[in-house]
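In the two assemblies presented below, chain A is common to both, partnered first by chain B and then by chain C.
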Partner chain A sequence: MAYQFDFGQVVSGEYGQWILSGLGVTLQISGISIVLSLALGTVIAVLRLSKVKPLVWFAASFTEFFRNTPLLVQIFFWYFGSYSVLPEAVNQWLYARDFEFACGVIALTVYTAAFIAEEIRSGIFSIPKNQLEASRACGLSFLQAMAYVILPQAFRVIIPPLISQFLNLIKNSSLVMTIGVMDLTYMARQIEAHTFHGFEAFTVSTLIYLTISLIVSLGVNLYNRRVLHVRSR
Partner chain B sequence: MHWDIVFRNFDYFLIGAYPKGPLGGLAMTVILAVGGIFGAFWLGLGVGLMRISKKPSLRWPAMAFIEIIRGTPLLMVVFWFYFLAPVVFGHTLPEAESALIALIVFTSAYIAEIVRAGVEALPKGQMEAARGTGLSHFQAMTHIILPQALFNMIPSFVNQFVSLTKDTSLAFIIGVNELTKAATQVNNRTLTAPTEIFITIAVLYFVICYCLTEFSRYLERRINRYQARGR
Partner chain C sequence: MRKAARLTVLACLFTLVAAMPALAGKLDDIKSRGTLVAGVKDSQRPFGFVDEKTNQIVGFEIDLMQALATRLNAKLELKPVTSSTRIPMLTQGAVDIVAATMTHKKEREDQIDFSITYFMTGQKLLVKKDGGIKSVADLAGKKVGSVKGSTSEQNVKKAQPDCTVISFETYPEAFLALKQGKVQAVTTDESILVGIKNSDDKPEAWDIVGEYISPEPYGLGVAENDSDFRDFVNAALMDMWEKGEYQKIYDKWFGKTTKDYLPLTWKMELWP
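Right, the complex of A and B next:
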């Protein structure tokens, strides 16, 4: 039985529409999660660097727990098991919207925030300690010193590793197909089921992921060379 | 809360239906992870050495392989090997085997980058001195460069093993009987305790991965101290 290749069927007509709408969902869920995980990750990193013991302890266990469990299990936890740990009002709010999409966003955000917090923490460590001491001596509070002196400098160094975390997030977003979010991978799987042309469907969606990754890593290399003056490779 | 459901199915989470039925659960996860890291180490070492080679005919294919694999989600790689095995071999591969192959191929691209970084981090004089004493390039690699580079890379390998252990959960999507699948099976059967079941599963993964992460940090400190003494 020879396999008949038929790329035309997959990239045009109804199935082409599926791929495009899947790509839209992938970009949408990744975009929302990137913004939220950056915010949450920054908060966790600052908590971990604060001097308040319970906050440090909370931030440390947050990063360790979510970094050391599989994303897929976290997605299932939020999807199947979160109703009994979340407040009733939040549940109602989520059920009234796209519940699968919301669970995907929560899982991706929390998982990536744990990694982002570590990147930000190591970036902040790369700023000499006397910067903080000097700004405290000028009369700034801890939060002011962080917001106006330390973080602006640290983010310059953190940007490349941060962007590779965002890239990981885009790739990880393919896992939300398991709870029925109709993203790019879900659509490829769906076309495979409808037409048995899995080869073409997976080629097209792999190429799309690959294009996103290559464009982003080219951007990071340019940034490294132009802004940080590091020779990549 | 229904923690009794977790207790009653705990042996199923650990070893699946074994010995009455097929092995599964955490045992299968560990088998996939250990088999995966073993295969990925050798494949990744080969690709990494090709990547740093001076010959374009070796370097370019390795570079293309690394970039393509690192730019693709693991789930896509898993699907590639699962749905394309019939096209290539004419018959389907068992799920566990095709998942294992996908994990090996995926992880080897990351191992190759670790190997490249490790070899390039060694002083250039090491290779020049080894060649100067009359060793061939191959001999210098196997006797001088790799033993030092691989030693320095041990913490990175352990970290990669942690990622791989987490990644084995994706084998569930194509139907391999491992820990995540055991959890969804028990959840589908009981329907009353999803929170408890998935917390238990997360904790099982966490125990393994956290111990390994701490081990890698310990090794890193030891290696740093060892190198500081040598200087």
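Right, the complex of A and C next:
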């Protein structure tokens, strides 16, 4: 069958608007989730290295649980499963708002945080142990030693693996369309359903994902080199 | 060695070219293959769904396809499709025909061809009984559930621009969202809503309300520009109607004794 390529239709007019609004949602959900998952991942990593046993157990089971279950299942769990757990009043309050978006953020954050926690933990391990002991000897508390001595060095080491976690998160964000969040992939599918020019719609969205990913990885690499003065090897 | 490789490539090309005319006519294809591959729904009572007891796909559209296969002297092979995969699967040739509650729309004519209308329905709303929603007008500011790739979500958005449409992958998911209160209504064709409503443990807790948001004539989807096959399908449909076979299948799935009762209120176009 002779297929008529028509990129003009997909990138201009009403459908162009759809792509833009989808891109906006993808950037929003990825941005919020990146910030939250980095914060949560750091907390989990520090908890796991603390001396308080229950905290260590909590952090370890959090990591293993969320790292070893499929993201799609987690998204459905938060979206459909929360109904049975939460009280009815809370549910109704949530559903009157943008619950779909919130579930997407929670799922992406928790899932990625589990991976980030592991990266950070390995980063912390790469810092010689006597630095922690020396800082404690100087009178810093465990948290102070972490915040001022260990973590700043650890982050420098783990920037490359962190970037790939962020990139994974941006790509994983396309899964939230299964619960009706109107992100870039959702819009591409909508355009396909309306125009049947799925090839063009998905080519455009692929290029957009690629561009976002390249910008993120370039940006972090630049920061790495210019600000942290780390040479890429 | 080189020469042998070149010869193989040439031979392959030759076979491809030789095979071309065979690909052109679906009718001959199906007859020589001995099977009719039909794309059908597998989670849409009573059109096409998995029977709990036998684990087979059954339903109104499956019986129609069986009647068509009999007329072709072919065995029927079913492939489950969804609202968003049915057209690509047809254009790629993965299925010969699509019988999957597909509305005959002008825009779809660019990609595929349609048979004459084999089922007539219209889009309505499924809501919680006494939930305060009686028509599309009551949906202002509310969330409505639908399914991706269907015409319903565009239609409801047009009829009530002030509502949020949340699209799911399948109707059972949309219905679950309605049950949990995540959406206040599910919108699609009345015939499908009847099936969704009756799939619940307590069908009486739900209501199908509103005027037709849009008419939805279903057509069988066939590959673009294959008029021999389309003529055959059209003739078969009209033959089924005239011989009363269609009405028998209809009664089996939508008759008074079934729980998906929907009176037959339209007539198939019959060419003299």
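By definition in this document, the second predicted complex is superposed on the first by the 203 of 233 C-alpha atoms of A that agree within 3 Å, B and C clash if a C-alpha of one lies under 4 Å from a C-alpha of the other, contacts with A are read in each partner's own complex, and residues count from 1 in each chain.
In this text, a residue touches a chain if its C-beta (ideal position, glycine included) is under 8 Å from a C-beta of that chain, and two chains touch if they have at least 3 such contacts.
Quantities reported herein were computed from a predicted structural model and do not represent experimental measurements.
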First (chain B), second (chain C), both or neither touched by A:Leu214: first
First, second, both or neither for A:Phe80, with chain B first and chain C second: both
Touching partner for A:Gly198 - first (chain B), second (chain C), both, neither: both
Contacts of A:Thr206 with chain B and chain C, given as first, second, both or neither: first
Partner chain(s) touched by A:Thr178 [first = chain B, second = chain C, both, neither]: both
A:Arg189 touches, of chain B and chain C: first, second, both or neither? both
Partner chain in contact with A:Leu72 - chain B first, chain C second, else both or neither: first
First (chain B), second (chain C), both or neither touched by A:Ser37: neither
Greater chain A contact set [chain C / chain B]: B
Common ground on chain A, meaning residues reached by chain C in one complex and by chain B in the other: 1, 80, 83, 178, 189, 192, 198
Residues of chain A defined as touching chain B within the complex: 1, 3, 64-65, 67-74, 76-77, 80-85, 171-175, 177-178, 185, 188-189, 192, 198-199, 202, 205-206, 209-210, 212-214, 217
List of chain C residues in touch with chain A within their complex: 83-84, 87-88, 91, 107-108, 110-111, 143, 148-150, 154, 166-169, 173, 176-177, 180-182, 224
Partner chain A, residues of chain B touching it in the complex: 1, 67-68, 70-76, 79-80, 83-84, 87, 90, 162, 166-170, 172-173, 180, 183-184, 187, 194-199, 201-202, 205-206, 209-210, 213
Contact set on chain A toward chain C in their complex: 1, 80, 83, 91-92, 95, 99-100, 178-180, 186, 189-190, 192-196, 198
